[in-house]
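What follows is a group of structures, each given as structure tokens.
Same chain, two partners: chain A is paired with chain B first, then with chain C.
Then we have the complex of A and B:
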């Protein structure tokens, strides 16, 4: 195992060295970095050219200049990183830090959501193979997969951002739209839940009526002008989360797990009703993260106290429920600040942003900043999710189908296990083995994968660093981008292999 | 994953989870057919793939016949009255009209002609990139997988170097220098750097196929390496190759549009679908047709290729077989239980349609019945 890792790392190191050399030469040779100066009419042209040559060592030919760059990178091992300067003379190390921060902010949510949604949809389509739902989802994911992201981006800007902002000026929903949305929601839930005709009709009716009711309520109370979830929705979703998570995680038959989830839900609601104003008054990021960890710990503790023959089942279930309720309460609080945010002079009642990573000089407290981040991340995240969801759905579906055809699944059913146990414990866990490696691999590549998204939405992240470098025939920022993405790719490739071996005992690393 | 050997009827052997009724349906479908016929039959059963093929054929015909073709200095005109460079009189404030069904841009170019030219370029990039990547990937993968050892190490380390560099980076770097040479060169560049995944898959396929008995038999009979590779192993790996080259093509067309969008691809005065969108991004509010049409053509082409790829995968992959619907299964089962005089378990209705769960799995498999057992090697 250790030999495997070391051998892999050494081989990867040399491969990567060769790749950086290739990249450096290609970038340096793709044009003339002095061209704009040569064409300029400024009187001190000669001295400007001279200065740039000195700044970027342009008097050294590229195949030797690479080694100057490499020496700077080598400094990283002794704690003095020097990735050179860009064509304007700014140190690349600083630029890289800023760019990395923005890119991570942009891609993290998108990647996590795409993975979760994709896997869930993949499982459902596998369980309903060759149903109308399966065909519909297959077509939709293929469609999203075929969309150029810059095209989606412009559509999202037009119809989601500008459309929604216009809607907020006069937030009334016409009855026709309510009707159409209700029918769509009904069809969606009908296809998702499936079953005999009778059940389908009932599901359709319930989903349509509930959707229409909620929309009419929102319309009448002018909910969009001052949105919040309110105590009723928070209590309902807490109890719903308790039942839902227990049903999937352990099954409702496990009374102790159910009781611990319900206890957690009760504690969460009590916190929401009585303690929240005191705790949320002066929120900071460390406190916020601390509360999230606290929720997990308290949930786990409650599960542990309820105990039972298999304690960890209750602990796991209760902790997940606690986290979900925390998320709901946090969303509710953000919503309460939404109107203050939208009404502020910087935002001017057009909250959904089409460009940039944040509203400059916004100020405001933690929640307002949170809303600001949300409105800026929303569109790029939607675009990234739409594009990347397809591959996860397809992989999960085929992996799940393969597992469901195995003998041990038939054995499990023949033993009389419940459908939940068969699907979640026997099928899902085995189907996830190949998915885990794909996920590990993708996480390694997301940092570099959003070049076009950043360009379209005006973020100054890694992609922008790279494209600007290419535009100006400026190897140092390009190489910094490549250094980070390449290193991550190598590390996560290795992790993918290790994860595969850890999950599947049949695989041996050698 | 995509072994394409014919199902070998083997007495007493059951594919996991297959009942008699199911396997009988399955067997009846392939009885007396050659491999090519089975693949063709399965492909044409995939309705999405067939529709996609027709649509794609229509797009190819439309784009090349309407505005004609330019090969070097030779120019073959098409039936459309305008070309993609000529400036026409502005009709109806550039909105779509009878003379210009896709509208015009602000200087009066006919958008139908521009989009057709763009589609030509994108299709050309797609085909060139697909062919080159397939040839290079197959050749390198086959060499590495067949000869193993030193050859394998050298080729796979080389592949690693290429694979480490994200494709979009290479395209952008080379496009920066070569971009104005046009779509054909762009296609070659994309093709030369996107063969890596295919090479890995072909190598894995060759590694497992070269250990099989029929290769030993060929070698004992005195066949040369070239003959074994081309006549014995390659035909068995053709499923993997075809399926993945369609996926490569779909990726190539999106990559071309992305590169042109970033300004590293096709350059003025020529055009491509990505470039049209990039040029007119800001015009969405005033002239949405500049934006909708090229986008719709990109989506249509990429979607068709993806669907064809999906159909080919279904056709070549015996393990991704179609589970018979509950109704077909019930019918077959009734027939069978009629023969035996015992009642087959009835379909309980809800929740079982088309899924691979308990429907009718109660019938015990009789020994001696024949079941299709796609000889899965499980080597990968």
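Then we have the complex of A and C:
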């Protein structure tokens, strides 16, 4: 195993070295870095050109200039990283730090959500193979998959941001829209839950009526102007989370797990109703993260106390429930601050942003900052999720179907295991093995994969570093981009292989 | 048993919670900043408050430096040079030897309350003239930075100001006035554009801030004195450190920790700066000059994508945008309610130059008649109508002078007299006749242009089609690497590209047309022109300057040097609650009168 890793790393190093050389030469030869200066009529043109030649060593031919760059990079091994300067003379190491930060902020949520949603949809479509739901989801995901992201981005800005903000000026939902949404929701749940005709009709009716009811309620109470979940929804979600998580995690027959979950739900609701204002009063990020960890620990503790012979099942279930309830309460609190945020002079009742990472000079407490980040990350995240969800869905679906057709699944069913046990314990886990490698590989590529999204949404991340470098025939930033994305690709490729070997005992690395 | 114990614990918690809820819950503070700001979108991030260094010399910096530093003069949108007498005055004391005296007003102060005085002016001279620099010092050896623009190996004992301006013509140490508010510059050789080299956009930086960083002197007055001493006594050690500070400390890409670096002398000062996102300027309370701003706070947001800027305007995130002008941008802006579209021109102009020597097809343009014939076939009006008018409508115009920017003083007179009207319309018959007269049939003309620029590709096709009617065989020398090919012997016969005017200096055009000038890329040489430029370089009287420029322009057109085609279009979208936005054709375009902007609500 160690020899495998070392051999892979050494081989990758030399391949990467050759790739950087090629990349450098291609960038440097792609145009004339002095073009804009040549066209200037400014009196000090000559000295400007000379300064730039000196700054970027343009008097050295590219195939040798590469080694100047390489020497600077070599400095990284002795703690003196020097990635050169860009065409404006700014040190690339500084630019790289800023760019990397922005990109991670932008793509992390999108990547995680895309993975989770993609896998869930993939599993459901596999379980409902060849149903209307399956076809509908396949059609939709492929539709988005094939759309160019800059176009999706422009549409999102026009309808989700500008359109929604316009709607907020007078937030009444026309009856026709309510009707259409209700029918759509009915169709969605009907397709998702499936079953015989009678069951379908009932599901459709319930879903449509509930959706219409919620929309009418929102309309009448002008919910969009002052949104919140309120105690009723929080309590319902707490209880729902307790039952839902238990059903998937251990099955409802495991009474101890169910009771732990319900206890956690009860504690969560009590916290929400009575303690929250005191704890949330002066929220900071460390406290927030501390509360998240605290929720996990308390949940686990409750599960452990309910215990029983297989107490780790209860611990796991209760901890997940605690975290989910925490998320719901956190969302509720953010929503409570939404109207203060939207109504502030800096935002001017147009909360959903189309550009940038934050509202300039907003100020605001922890919650308001959170809302601000949400309104800015929303559109790019949606765009990234929409186009990347299809591949996860398809991989999961096919992997899941393959596993479900295996003999041991038939055996498991034959010996009388519940459908939950078969799906979650026997099928799901094995179906995840190939997905785990895909996910590992994708994480390596997300840093470099948002070039267009960044540009359209005005984030100056890794993609912009790359594109601006190319535009100005400026190899140093391009190489910095390449260095980071290339290294990540190599490392995560290696991780993907190791993970595969670790998960699947049939694979051996040597 | 166990269950009842849990129930008891639960009951205890519930009881405790009930007791707590009896206390009134504290009301959290939203912490919101309830100010308002006018948002301007710009396509590049600010990165240096010193626009005089070769490092910091970029539009993105100069726009903002223009608002935060006081200057003796600036360009308005006519465009013409306007003196700001509320900052200081200057006077041409004598023409030969050329002596200029600059005097600051008594009450002008930096935003931290330190007076602006001769120390600031003298430092500015020392930097821009590079007169005190070590000779033969090559900074390139030390320019691979780790932390800043220069490496740690950068010699601390070397004086080098990283700049390059025409103020190098003042190598003699200026005299400081007794009042401590004036300096007198003596030029080595007369320089008629002297008004543009000292005290314009962002040149005067706070000497006391430089002193604090370079010499470690906290007290502003002492710091100023130390700078004066160092320059006047030519203290090499101190100057080395001063030059190093001047080169580097004003470069920052986010709000610096040291607030002194934000000291301003203009109508605004930097109050917030988030890397790659936005920079906020707040009115400078210590500013007493004429450019008093109406708007308290201005935020420049960095938005690279033109259509993203349009949607940001629609969504209310910015109030003014001035992206690269395309038909897409105009179409997008037209659909937005409550937004005014200002169309106009910008500093770059498109033109076609003919190679007088070293052309690809040897000697094709050595005959005056062939040059004239070719220029007569260039469909200038058609190019403007098909490529520029769709963007800015009636503002689109054919530029008719090689020397003067449309709208600037003298443009109309010069156009009337320079003979450009001979090329106003396509004249195929005239061209054919001239070719016949010259005895040339189907001459081949290869045009160099940017083949990756769609607009230029279109222009090329229009020219090609039109010239073919007169018998010219126009071939394609277009290249993506056209900038590097400019001026290369034997590479092309005519070139189609744009010159960017950065100011209104009368001498700026010299290098384009003089024999051997740095921008003379078509091997044009006319002793008459050289002679006229020599005269122009000595002429201080504006009217006589204009007279000389007219003569030069006329000769250029009668020599069939080439033709100017159009001024680049500019499009600005402004929310209609904001009044007073009126972009200038030259830098700093929309920013030239930010202090006059007003919110109508």
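Going forward, the second predicted complex is superposed on the first by the 510 of 510 C-alpha atoms of A that agree within 3 Å, B and C clash if a C-alpha of one lies under 4 Å from a C-alpha of the other, contacts with A are read in each partner's own complex, and residues count from 1 in each chain.
Definition applied: contacts are C-beta pairs under 8 Å (C-beta built on N, C-alpha and C of every residue); 3 or more make two chains touch, one makes a residue touch a chain.
Everything quoted here is computed from the prediction, not taken from an experiment.
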{"item": "Touching partner for A:455 - first (chain B), second (chain C), both, neither", "value": "both"}
{"item": "Which superposed partner A:31 touches (first chain B, second chain C, both, neither)", "value": "both"}
{"item": "Chain touching more of chain A, residue-wise (chain B, chain C)", "value": "C"}
{"item": "Which superposed partner A:267 touches (first chain B, second chain C, both, neither)", "value": "second"}
{"item": "First (chain B), second (chain C), both or neither touched by A:345", "value": "second"}
{"item": "Chain B versus chain C as contact partner of A:45, first or second or both or neither", "value": "second"}
{"item": "First, second, both or neither for A:102, with chain B first and chain C second", "value": "second"}
{"item": "First, second, both or neither for A:278, with chain B first and chain C second", "value": "second"}
{"item": "Partner chain(s) touched by A:158 [first = chain B, second = chain C, both, neither]", "value": "both"}
{"item": "Contact residues common to both interfaces of chain A (with chain B and with chain C)", "value": "31, 154, 158, 455"}
{"item": "Interface residues, chain A side, partner chain C - complex", "value": "31-32, 34-36, 38-48, 51-52, 54-55, 57, 68, 72, 80-82, 84-85, 88-91, 93-95, 98-99, 102, 154, 157-158, 161-162, 165, 263, 266-267, 270-271, 273-275, 277-278, 280-283, 305-306, 337, 340-341, 344-346, 348, 350, 352-358, 360-365, 367-368, 455-460, 464"}
{"item": "Touching residues (chain side chain A, partner chain B) in the complex", "value": "11-12, 15-16, 18-19, 22-23, 26-27, 29-31, 127-131, 134, 138-139, 142-143, 145-151, 154, 158, 194-196, 199, 398, 401-402, 404-407, 409-410, 413, 419, 445, 448-449, 451-452, 455, 466-467, 470-471, 473, 482, 485-486, 489-490"}
{"item": "Chain B to chain A touching residues, read off their complex", "value": "16-17, 48, 157, 160-161, 164-166, 168-170, 172-174, 176-177, 250, 254, 257-258, 261-264, 274, 277-278, 281, 284-285, 291, 295, 298-299, 302-303, 306-307, 310, 319-320, 322-323, 325, 349-351, 353-358, 361"}
{"item": "Residue ranges of chain C in contact with chain A within the complex", "value": "6, 10, 13-14, 17-18, 20-21, 25-26, 28-37, 39, 45, 47, 54-55, 57-58, 138-140, 143-149, 162, 164-166, 193, 251, 253, 272, 274-278, 280, 297, 299, 301-305, 307-309, 311-312, 314-318, 348, 480-481, 483-484, 486, 497-503, 505, 507-509, 511-512, 518-519"}
